[in-house]
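Next, two complexes with chain A in common: one pairs it with chain B, the other with chain C.
On to the complex of A and B.
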């Protein structure tokens, strides 16, 4: 356990170096969030009755999405791992007395978490300070907030486990482009990053909510504002738990199977 | 100009060496914008109109911006990836050659895979042009053509700004993405949707609305003034400060040394 923690810590500190870049990123995310909200506002103005969420719920959703982008983005990969796979450096990693899956998992967690910490504080601070219809509102009660935190942690595991699958596929096929594009593009839509899932047509939404992608950002961001509550919330969180375990276990077994077949070319 | 076409030929032949990865890359590019399209589609299934525009009208806008952006990204890739050129010393080599440096930057980096989005934009046009209810006359067709040409130029101008700033920071500044990637993403709706202040900003500061919103109103026959159709060329004025900034950057250039 200790060795994985130190991998995590190294990554965490490493990414913490780029503070200026993070500041520029914060400005970008802030402008981005604002434009998104303005666009939804226009739809709200044209037909408030058709709006499937409360407006303040949507605003909180967008700001939290921007703040925790590094936690929940499915297109965010560790370039080092791809590099190690295509250059053959992965052979060194296999020679170490560590489980490759856990090591990569810890690496990804470290990078994402330090990025998220750097970025979420300024974004949230401004988003809370904004006047009423534009800012983040507090969650309806304390229990909701606790559920939000648990759900966010689960979402983090689901997202990293999903990304891990791409590394495993890359290990098997060398070229990472295909799965990367798929996960980068279609899954963003299915995760509720392009538009929140309540805006989907109802029938499609019922299917999409069962997919692992919906256990990413969709659940915690909607729980926070009270859009998902009661039995629906419990169901969503159970779904998250299921996918977190299933994806991690599946990825681990798959990687182990791939390791056996792995051929390191030349050297 | 002859030199540039020669560059284009070399780049095309070079990228065609790896056909499989080329087309996969291209499909990937198209997929990312497909999600944006689906997002717009789902929104309109629910709302039918936004700020007085229908789905087909918005699609016309969406396709215009997407086409301009992808063309700019394909041919202006040199500026988009400029921080790498500065970092590895490639720009030093360019400076010693007796040719215009901007031309060389453009010519040595052309990414034809970006045309994946271009094709997608064409497909959306093919659907939207007959359906959007515009009576196409020669002046409207000419306006649309001007929108596309000037839009591409403005996006390339933005890439130039991005590249010029690299002279001062070496690293690329993520902030400019708001106007490039953001321009593409938010340009899917006419800029008036975002309210008056945003519209003013995109008219007078970064003139994306000059080739997107105003001539678009003219196409729909909702323009208050007939001269809205002449606004796209005005947006080309934006290229003057871009060029100035580029010159300033080149003069300020200090080699990174590798």
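On to the complex of A and C.
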């Protein structure tokens, strides 16, 4: 266990040293957050009753999404892993007494969490300070907040497990481009990153909510503002737990099977 | 104790000629060739031996090292290293061996080398006292004290290779595979690496198998030479015997350098 924690640690510290990247990230998140909120504001101004989420719920959704982008974004990959695969450096990782899946998993968690930590503090601070209805409101009660935290942790596992599948495909096909763009494009929509899932037509939404993508940011961000509560919330969290376990187990077995077939080319 | 019996591995290689027409044709019909990288390779190495593994490019040297380090599963054959089959017990086996792939790097490129060392220590679960002892010894023998605090990307090739070798020995492996450890190194670094390997073998009785294209590595280090060509072991003996083999050949030059000698042998054996 310690070895995976060490990988996590070195990755965490390592990503922490890039200040310019963090600043640029924060600036992007602000710009994007404001833009989205203003666009939705225009729609809400025409008829607030026509939308499935309250405006304040939506604003909280957007700010939290921006603050925790590095935790839940499905297009966020570890370039080192792709590099190790295409250059053959993965040979060294295989020649070590460790489970490659856990190793890569820990690496991703480290990078993502350190980035999130650097970015979420300024974004949240400003988003809380903004006047109503532009800022983040507090969750309805303390229990909701606890559920939000648990759901966020589950979303994190689901997202990393999904991204892990891209590494496994890359290991089998060498080039990361196909699966990367595919997952990046389709998942943004299905995860509720482009527009929150409640805005989807009901029939489509019923299907989309069963997919693993919906177990990412969709669940915690809606739980936070109270949009998802009671039995619906419990169901969403169980779904998250299911996908976290299923995707991790599936990815691990798939990677193990791939290792046996793997040929690291070249001298 | 390392034993390989009848190890074979075939690679599937895509082939086509240059040009657009050929590329378009390959959209519909792919041509593959099957290359026999390893063809019933058999040999055994005793504990504490130092063996040089030579052969032209593409002969199967690296493939053999990959099989022995557990990262390549052969199509056929058996391999036992200290009682384990590498690719079946990959992780357990990995704990006992050290590998240096001369053409790749195991150091994290943008953190100081010592950070990579500590990560490797944790991965191999080396206890603190052993790590300290090994690190001190390696630092002294490979003269690492200065370069250890530098990020790997800022090291020269010679400095990096010394760090790579140290990184593979932090967990005191009883077997060390070196795949072209002297590739691209200058004379000083080559001598330093050779002296170190010799010292390591003498001090710790580490079994060493090294592949190289530099015959001076072999003459300086190895009593025994394995020669592989087109996936088959063609010679197993001392470098002196290899020299003798060459002398018997017609047109042999008695003053030939070890390089010329090997080149002539490769030619003669048509590999």
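To be clear about the criterion, the second predicted complex is superposed on the first by the 267 of 267 C-alpha atoms of A that agree within 3 Å, B and C clash if a C-alpha of one lies under 4 Å from a C-alpha of the other, contacts with A are read in each partner's own complex, and residues count from 1 in each chain.
One rule holds in what follows: a residue touches a chain if its C-beta (ideal position, glycine included) is under 8 Å from a C-beta of that chain, and two chains touch if they have at least 3 such contacts.
Because the structure is a prediction, the values reported are computed rather than measured.
A.B. asks: On chain A, do chain B and chain C fit together or clash when superposed?
C.D. replies: Fit.
A.B. asks: Once the shared chain is lined up, is A:178 touching chain B (first), chain C (second), both, or neither of them?
C.D. replies: A:178 sits against chain B, while chain C stays out of touch.
A.B. asks: Under the stated touch criterion, name the partner, chain B or chain C, that contacts more residues in chain A.
C.D. replies: Touching more residues of chain A than the other partner does is B.
A.B. asks: Between chain B and chain C, whom does A:97 touch in the aligned arrangement: first, second, both, or neither?
C.D. replies: A:97 contacts chain C only, not chain B.
A.B. asks: First (chain B), second (chain C), both or neither: which does A:188 touch?
C.D. replies: first
A.B. asks: If we overlay the two complexes on their shared chain A, which of chain B and chain C does A:3 touch? Say first, second, both or neither.
C.D. replies: After superposing on A, A:3 lies in contact with chain C but is clear of chain B.
A.B. asks: Scan A:256 for contacts with chain B and chain C and give back first, second, both or neither.
C.D. replies: Neither partner.
A.B. asks: Give, as a whole number of angstrom, the minimum Cα separation of chain B and chain C in the superposed three-chain arrangement.
C.D. replies: Across the overlay, chain B reaches chain C at a minimum of 8 Å between C-alpha atoms.
A.B. asks: Using the superposition described at the top, list the residues of chain A that contact chain B and also contact chain C.
C.D. replies: No residue sits in both footprints.
A.B. asks: Name, in rising order, each residue of chain C that touches chain A in their complex.
C.D. replies: Spelled out, the residues of chain C in touch with chain A are 11, 57, 61-62, 66, 69-73, 87, 90-92, 94-95, 97, 99, 101, 103-106, 108, 110-111, 115, 118-120, 122-125, 179-180.
A.B. asks: Could you list, by residue number, the parts of chain A that touch chain B in their complex?
C.D. replies: My answer: residues 21, 24-25, 27-28, 31-32, 35, 38-39, 41-43, 45-47, 50, 52, 175, 177-178, 180-182, 184-186, 188-189, 194-195, 199-201.
A.B. asks: Per the contact definition, I'd like the list of chain B residues that touch chain A in the complex.
C.D. replies: 21, 24-25, 27-28, 31-32, 34-36, 38-39, 42-43, 45-52, 171, 173-175, 177-178, 182, 186, 189, 193-195, 198
A.B. asks: Enumerate the contact residues on chain A facing chain C in the complex.
C.D. replies: 2-3, 5-7, 10, 14, 87-89, 91-92, 94-99, 259-264, 266-267
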